[in-house]
Structure formats: C-alpha cells, structure tokens
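Next come the structures, one after another.
Same chain, two partners: subunit A is paired with subunit B first, then with subunit C.
And now, the complex of A and B:
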C-alpha cells in the first residue's frame, strides 16, 4: 500500500506555544521535522490515517547558539547546518563529523538533530558523539519542561522516555576541556548513505606522565541503544596505555555491549570491528583531527 | 493554500498538504523531469533544490513548502540551450538510461552553487546520495569535474 495524502490530518503550528498545545490535545499526533524518517514510513503506507504535527514552521527551534559554557542546538537544526557551523566544528568536532555521515547531502539538508534523537534507531549516527559530550536534551509539553541527560533518553529500539505530548526543544552540549585525543568512526558498507554496522566516538584526556585522566567512549549499533563503555572507562582511569592495559580495555568492551547479527553484519564482526577501533584509538593510531 | 515558486514561476497549491512534492511536480504541473526511483530517500533520482539546498522530492510533503523556492532539472537548461553541467554529461557519457540523470544534475548543481570541492573526493561526496545502475559513476564524476573546471 502507498501513502494516502487524503487520509492524513495535518497540523502546522506557527509558534512553540501552539505546537505544545496541539501536542497536548492530540497526543497521538506524530511530530514531523525534516521528514526523512517519517516520509519513508508514509510512502510505504504505514502511516495512513494518522495525524501529523508538523514542527517545521517553528523558527525558534532552528537556531544554534553558543555561550561560554556550551552550545544549544535547536531540535530542528539540520545535519547540514551543523556540518557548516564553525563553533561546533571547533568545540565539538565529533558531532560535526557524525552529521557528515548521515545519509547523503539531500538527507543532511532536511534531516534534523531532534528527529535523529526522537527516532531512537540503534544505529543513530549522532548518538555516540552526543553520549561522549554528555548532552542534555531539553523537552517540553504544555505542562512544562524538563531536561534529560542523554544517557536517559532512550528506552529501547525505536523508543524514548518522552511522555505523550512532549517534544524535543533543543540539545545542550557542555563545553568539554580540550581533549588530548578524539575520534569519530563509522563502519558501514560504503562511506555515505549506509546505515552503520558500528559507530564510535571517543574523547581522551591524559596527564603529563601519559596516564589516563579520563576516557569517554561510546558505541552505536552495538546494543538496542547507544552505550558508553563504563567498565573500560573506569578501568583505564589513572593507568598508562601499555599493551596489556589496552588489551584488557578491549576485553572489557564486550561487557558493555550486546551486538546482534542482522542483514548488515554479524555480532562477531561488530564486536571485533569496535574492539579494533577502541584499540586503535588508545594506541594513538586512530584519531579525528 | 500553499504558495511557492517553482523554477521561478509562482504556483499556488490547493491539494492535500500531505501530498509529496514529487507528485505535485509531475502530476499537477507536468514537470516530469524529476524522476521517482525508490520513494525511500535512497536513490536521489528525485533530487530538486529547495531554497537552494538539495532535497529528495519523494520525502517532502507540500505542507512544508509555503513560501519556498523549488528548482527542478527543467530550470537548468533547455534542449536547445543546455547548461554547462548538462552539456558535460552529454559530451562525457555521464548519462546512459537517464533515470538518475536529473537527480545527479541537481545534486551537482547544489554542489557547484555551494562552491564545493572540485576534486574527485568532493564530487563523490556531493553525489553520495544519488545512485546510478548504468554508468559505474566514472563518467558521471568526469562530467561533473569537467563542468566545474570548465571556463565560461
């Protein structure tokens, strides 16, 4: 079956207040941002008869602003906007690098950061970067707003902890201290337009003696939701990155993920690929400039 | 009523707001240069420019286009007066069956206007949202490269 335009109820609020009121009145309405996920489902005939709450007219949610403490990215900001954003590239380059791997230029020009998050795909390519930058997701409903640490946004495959009537307004990234090493890597079947088999982001701070002060490392496509490698991060604190230590960290990686085999890859390949990425990063062979 | 500009001409659209841009272009306005390959955002055959940025017309509902400026392959040139990209595709074998060509041209046009990189990698990246089943891409990339480097 195909999408039937006549069967849809289409709501297009002009400002955030109207959007939140409509979202409260019609909690079943599906929010629409860039449509790069929704329109695919609609074209396949899976959304006929639904109500659509089109957020694309809310210019207030399309802005990026930086302060001394961090950067605020409106939910409707597109991947293309983020790729071009100078201050993002300077302070949070892993997110800019991630956005540049989402689909091709057409998808980047329409797809939004809010839509990427709300879609909650296990393979969301921005998620490892958002996880290591310890993003905070600001949501609002007609009853008020709250802020979710990024680690608490996802409930499972394609599910978030947003309540009915709640919309993502913006994403805040605190400004991290300058890392000594950083990495974004996407493993896919081809460079562009491919859903990732594994995707990784890492930030490393070392002290003058070369011991690890802090590691933050996150993996996507390796579990129902994005995972920080808490065990490896904890283990490495205060240690020098010699051979045995790196091997132990790669082994510990396994305890924080639960990869599956699917049409794109096998669990064993995913595990090995992500262990190789972690090793390469810790050994200084893999880096994002 | 949704008002927009299509290839420089003002258009008013009164159909269902959730109809897709590609259907309005092809069925309501007879602009059949824009092709539908997959209907899933994968192939890029339906690429048009919306406010100067490349977009898949199969993924955009008309309701999002009030006040927008849409450009399709018909705006690039005419059979008598091909634009530089079109001429390069014709001369360098950038088109075989032609289904992907309008989308390739529009993605390349977006890249040209954005003053994107003219080397192979830059062109490949600009065309990474477009699939071609015939040419193996080599001639397409050469066509775009020739058009970007060619002197006026």
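And now, the complex of A and C:
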C-alpha cells in the first residue's frame, strides 16, 4: 500500500446539500461513490495529497424509481441493485446485462452507476447500453442543476464535461418502444474480473416488411469515449438487412471508431470482433433474450 | 487406517482458515524501519549520479548503496555475477540501485518519488535473437550462460535417410508466478552480531548461504527463519536471497530491524519469471510414424544475470524429446543473456517449455502423415526397458502408456473428435469445437548428480513425553509439504498422524534438507524422514526391550530413550540409490532416479464471432508413484493444470524497452474460477522402489501438459496451427485472417 492516509483530506457529507456545498468549496476533491477504482489508485499512491469527498452516506442518491416515461437511477445505485431490479430488467435489459459483467460480485456490490460514469473509462461496461437507451445524466452543484444527454457527458479518456463542483445526482432512461431485436455483448480479457477489449449494445426496430426503422448501436473500448455508430445507423434506415447491406454497415463501423493496440488487445482484433458482433446482430444470429 | 494414503487434514489448514497464520507482514517487528528500493528505469546504462529532492525529509531516512556492503557485492547462486545493488552500471530495467528505510511506511514509499537516478543509456540487447547474434556482448565472451548438448546415435545420418522429415518452430513466453503473497523479508542483527532474516521464502538454506559472503559472516552467525508463505511456484526459490540481502544491508546501516514488503507492481516488475524459449524440431520418421531421428535446438532467455538459468536449461534439454524412444537424437541447448530482469525458477523449470514444443510437434507430424496423433504417441512412447536420449534405461515405474490410455478413454477421444468434426461443418453453429491431448514425463528431484551434491539431511526429534517432531528445511507454502512429511513419519513410526508435529523451518533448528523445489520434497526429503523414522523405531524398541505398542508404551519407551536429555534427534542423510550414474559434462546416464508421467485432454470451443476460447472439459491422468495424501495430490494437480491453462490461453507479459508494461493482475490475466471447468483428475500409482512408500514427484508435472493440449485442441477446432503461446483471441483472429487471405488467393 503506497497510499498515505496522513497526506489526504477526507470529507464525508451527511446529506446532499452538504455534499454540494463541499464539492463547491473543494472542487479538486475526488468524489468517492463505491470506491472500486479509487482504491486501486489509493493503493498505488496516486491519491497522496488529494482530497476525497466520500458520498457513500447519501442514501437519497441510492434509489431507483420508475414512471410511465422511464426510470430514474440514483447516482449511488450499485450494479448489484440494478442486476436485481425487476422493472429495469423488463424495460432496459441491456443495462441489467451490462451491470452483470462489471468486475465480479464484490465489485458489483460496491460499484455504482454514477461512479462508473464519473470515472469516464473508455472501457466502461455500462456505457454502450446507456448510449443506446439515450440516457440523460442529471448533475447538480450548489448553484443549481442541469441535464446532459449521455452523448455529451464524456470529454475524453477519464474526462467528463462536468464543471468543477458538479456532482452526478441521477441517470434518467426514457422508456423505449419494445425493440424487435436487442444485444449486449462484452468481450473481456477473461470470464470475470475483466476489463473490456470491446463492449457492444444494440437495439433494432424493423417494420412489417423487414426494413430497418431504426438501429441504435454503440461500442465501448473502441475510442477514447463510447461511440454510437452514426454512419451505420443512418445507412441502415429504411433498408432491408440483406448480405450486401450488412457488409456495408460493418464497413461503415470503422468510420465511427478509432481502436488502439494496448496491453489488453490489438486494434485489428477489436475492429474484427466488433464487426463480427454487428454482423451477427444484424443477421439475427446474436441476440440478448 | 495407516496415515500414508489418507487425505489427512493439512497441518497448516486451521490457522490459514481462521486468519491466525502470520505471514511476514503480519509479524510486528518493534522499532523496524520500512525499506524500499530505488530501481533503474533503464534497461542498460551507466549510473552518472543520484539526485535527492531537498524538499523531502532525507534526514529521517537511512539510505544504503553498494558501498555499504561489508563483503562481496554479489547474490550468490550458481554464479556471482548478479550484484546485490548495482554499482556503476545497470543491466536491466528495475535493477536495484539504492535502498531507503524510514520508520513510516507511507513516507518510505514517497521517498521513491523524490529521488532520481541519472543514467547514461547504453543500447540494450532485448531479444534472444539479438543476444545469440552478439548484436552487443553484454555477458561473458558471447552472451551465453550455458550450452548443453545431448547425443544418441547419429541423428544427422538418420535424418538424411528418413522417408519423412517434419520441421517446426515453437515459442513459449514469460510467465509470472502470481503467488498470492508478494515477496517480503525482515532482517535484524542480534546483540552477538548474528544476522537474522525472516520472511516469505522456499529455501531457507539458500538464503543462509547467500548472505554469508555479502556480510562476511561465518555460517553460525546467520540465521534464516521461514514465515508462513503464501505460495512460491519457484518465484521464492532464488529471489529471497536478494531481498533478504537488501533488508539485512539496511538493517546493518540503520542499526535497527528492517522490513521490506513488495507491492504487486514492484513484485511483478522486478522479480523472476519463467524463461521464454524458442525450440526448433527436425524429426525423421518412417511413413507409418515411427521415430528415426530427433534434432532439437533450444534457446532460452535467461535475462541479465545467470541466476538459475543453467539448471533450468538442463531440465529443459532433458525433457526435450518428450516421453518417447528414438534411436538417434541430437539436442543443442543454449541459455543466453538479455537486458531484461533475470528469469528464474518456475514450476516445471524448463520442462514445460521444451515439452510444449515436443508435443505440438506431434500434432504437426500427425497432420503431415495424415495419422491420428494419439496413435503416433502410442507407437513411440517409452516403456520399461526403453533407452532415453542420455542412454538412461528405464527400469521401473514407466506409466506413459497407462496415463495415455486413461486420458484417451476418459476423454472419449474418437467419438468426441468425430462429433466435433460434424459440429464444425455446420456454419450455423456459434463455435468451433476441438479436443486435444498431450503426454509428458517429468523427472523427480534434482537433475543428475544434484542430490548427491546437496547431501540433504532431515529427520525427527522425540522428547521425553513421546512427542515426535519432523525436522526438515522443507517449507510449507501451500502445497501440503508439512502434512505429507508428517504422514510419512507417522506411518513409518506406527503412530497416529495427529501425534506428529512439524518444526518450523529455521536454520537454527532444522537441518539442511535442500531447497523446496524440483518435486523433491515428498520423494527425497520424505525418504529421509522415513529412514529416520525407521531408525527411531529401532531405537525405541531397543530402549524399551521390545517394540512399544500403544500410546502409553510409546511414551515410556521415549522416556527411556531420552534418558537425561530433553530430546533425541534422528537424522538421515541422502544416499544415491544403487546403480544410478550420471556424467554431467556429456549428459550421459541416469538424469533422474524416476519419472512421473501425465496425460491431459482438453476439450474447448472457439467463438466464431470473437475467437474467444471457452474450456469445456479438462481431464488429466498423472502417475505420482504413491499419493501420500490424495487430497493434497489432487489439489497440486488441479492447481498446476490451471496454471498451465493460464499460460496457454491468457497470460502475457508485455514488454517495452525491457520493462514490463502490465505489472498488475488487472492486465496480466490469470484464470479465475469462471475461466476453467472443474479439473477432472485421475491419480495413477505406479510405485517407484526408491521413493518412500513408492512416491515420485508431484508438484511440477501438472504444469507440463496443458499448454500443448490446448494448442492441439485449438488446431483440432479451427484447423489453425498455432505454435506460439499464449493462444489469445487476437492470435487466433490474426491466423484466421491470414488463412482466409491465403484461401482467397488460391
């Protein structure tokens, strides 16, 4: 353990108002929700000299509520809570499936959806699902609140567009029409406790003639931030999913991503695996029930 | 029930289950400084200076460098080339240069951020190929730590005439031991000047021997104590010599005890790994697949210093032919230097490297000849009377055929391969399925004359109350050594297992039983314990007038035997079994007293979308001579198999400029419980007449067969021949793309 507790300032607000006030007063403080990533950095000594704003006492931000329009997930709701949540599983099964692939049971029990978003890893397992459900992220500071479309949350690797003093309060998912086909797929380094090499979520609506009404498809670990496949999505609108069309969509995938080679995988593999997943989904071979 | 053959509960179990076991970092050492290590970032260079940031409280620290070493600046092992602290020159990334001690652990770690080494870089040699071609000479005259050759018959002539010749090149990578407890040591000096070192280690007497020249101390002024050790796998065979030396040097300079505990990152960056190897085969055969000649070339990467590389190479070459009989054999093996952290001992010790090549080569031969790879193995496998490449005649306990047939039967070989071929033909299936099998042998105990040179001693103590204690330098590191030795003692004495305890390995209290390595603890040290027990039994009978029967009689006999003394000790010293000889210059003769044999069948599927591999079934049959404790043996086999599966499918050390880029268990991927199926283990017992109760080696052999079995199964599933480990999805994708491109060209 290279973490030096003596060098750090630890703030533990008792309620949301105090949390927002402290976040405003100490904009450099690192917010701790579940702490699963923070503990790794702490252990390596990377947080020495930093301030920690421990949000884990804020039970108000730990609730899930559903309305006719959608579902509101408090920032401190854990992956384990979401995996078990019946209404989420019924209406937004790809997010539930994504949460079940985060780390292992221990990480799922501690890690939170808000923390996952704020951490802004390019490999965040829940992000493709949040992207295709077109989540809206509600943030607040001591000066007031605002709502960001999920596509506008991330600024880059480990960076968000949250202003200093802003904290994620909750995530809203609008209720989508029942898709004709859906998919969540994580390609990790192993069966559990794995970081994604690529992670995908897709929703497909077709008309009675079999033509695409709408496709939403997002990939993680394929660029500095999660990416919707805008080119492929636009191309497919109104088209029938025959062989040539599917191949063209797989080719267009490349234009919305920029995979890299790193210690976990290669750019070529990430691209090939993602293209194969997209093909399998469009051809009806890969589906999440 | 007799203790040997029982799945007796482990002696170390209750303390570990209750959290009462004290690992080195659990020992409070009053007044101790915490020591950290300043390391080179560069793979090769000259040390020009050290800058200490003046804002850091250096006055509170103790700093030691090479000039503080009272004796020789060398970590003694097979050679003296490795300095305890770099002196002027660094030869690999993360080489230790300075030591810093501070009473507060966090402050000690922060010292590392406040000191900078100024190193003038020298172009490093980072690959085996560059080392062999002498791109730059970085070690000795030619970069070669050791060259070994083995000759039997005339391989060149036989190859020239062979109807079929098959060639292949096979590569295996580094592997991290990934013991659960990182390396750690404490050291202090007693008032009489005795240096005491306590820590996580496999071989107390190695540390004992290494520390004497560094501190210019006689043997009796050095004491090494084993702390409860959380796994070793070879990784704590030689490195504790280094870390023990560091802790002791800081303690000497500080005049206070010192504790040094690595974190995972430092442990993975700086300590030893499995030797990577490139193995080339040229094999001559008859058309029906009988071996005529094997020509093998082995190259191993030893890293920057010699450490144990010559003996790793030795075990590697002695297993290079696989468990097959061939009339003409020629093997050349070399271990070379590179500017990378020294590689060292790791379960299997060179054999998994060469056996991977030997076994995968059978898959290649089978595809060239259009024959079943199992039939080819059957035809060539050794049996009693076979002559190995060294000329060793196998006289007993040769179970290659038995373990092979067990694996063939239990894996349902023919029917399963047929079913998979049907499955793979259907393009609608989401995966390709395959079944692969491998067959290996593994020599137990030290190679050649090693056991003779070691002159190991072990035995028993008995006190006036009749309490019996095993005295051995062999360490418990989770493998079950303590219960196994206690079972052997109890059985040989005719007393219950529960009445025998095991002394903690401490050079002040136990004899030198040799290192806890090489699958030698049960067979060799267990044999010494058994002989000592037999001596004790005779002495008790003599003291009592007849053999004591029952606990009260045993206690009375013990009291008589001890007389005025508080205890009596019975030690036995190693004697080579009659009839064994080995010429360790020409590599002729009995390389090992006995061999274990193992076969492993792996059934897996490869995802057609992502090329991810999922293991469906893993079955292994292993001949250990006699399972002293079947549950312990099964645990060793299952655990070693998983370690082998990890090496085959997941584990990859990524280097850049000679420095490990993934020194974390997040990115250095070892298998979790979800990555492997239940390992189905069949223990085969073909007894060895010179092992205690027939026992041969256990610990290392399970590491040998999974690699080639996995590669064979992937070959069977996909038709892609992948001669390089690990078989990551990225490699399969790359090979599949190349294959598709080749087909498109046709």
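We adopt the following convention: the second predicted complex is superposed on the first by the 288 of 289 C-alpha atoms of A that agree within 3 Å, B and C clash if a C-alpha of one lies under 4 Å from a C-alpha of the other, contacts with A are read in each partner's own complex, and residues count from 1 in each chain.
Quick note on the criterion: contacts are C-beta pairs under 8 Å (C-beta built on N, C-alpha and C of every residue); 3 or more make two chains touch, one makes a residue touch a chain.
Treat the numbers as computed from the prediction; the structure is a model and nothing was measured.
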Subunit B versus subunit C, judged by how many residues of subunit A each one touches: C
Touching partner for A:43 - first (subunit B), second (subunit C), both, neither: both
Touched partner set for A:6, first subunit B, second subunit C, both or neither: both
Partner chain in contact with A:105 - subunit B first, subunit C second, else both or neither: first
Contacts of A:30 with subunit B and subunit C, given as first, second, both or neither: neither
Partner chain(s) touched by A:245 [first = subunit B, second = subunit C, both, neither]: neither
Which superposed partner A:64 touches (first subunit B, second subunit C, both, neither): neither
Touching partner for A:89 - first (subunit B), second (subunit C), both, neither: neither
Touching partner for A:280 - first (subunit B), second (subunit C), both, neither: second
Footprint overlap on subunit A, comparing subunit B with subunit C: 3, 5-6, 40, 43-44, 104, 191-193
Touching residues (chain side subunit A, partner subunit C) in the complex: 1-7, 40, 43-45, 48, 104, 187, 189-195, 197, 263-266, 268-269, 272-273, 276-277, 280, 285-286
Residues of subunit A that touch subunit B when the two form their complex: 3, 5-6, 8, 10, 12, 32, 35-36, 39-40, 42-44, 52, 54, 56, 80, 103-107, 109-110, 191-193
For the subunit C and subunit A complex, residues of the former touching the latter: 105-107, 109-110, 113, 263, 265, 430, 608-612, 650, 654, 661-662, 666-667, 669, 671-675, 729-730, 733-734, 737
Contact footprint of subunit A on subunit B as seen in their complex: 15-20, 39-42, 44, 47, 50, 53-56, 58-61, 63-64, 107, 110-111, 125-130
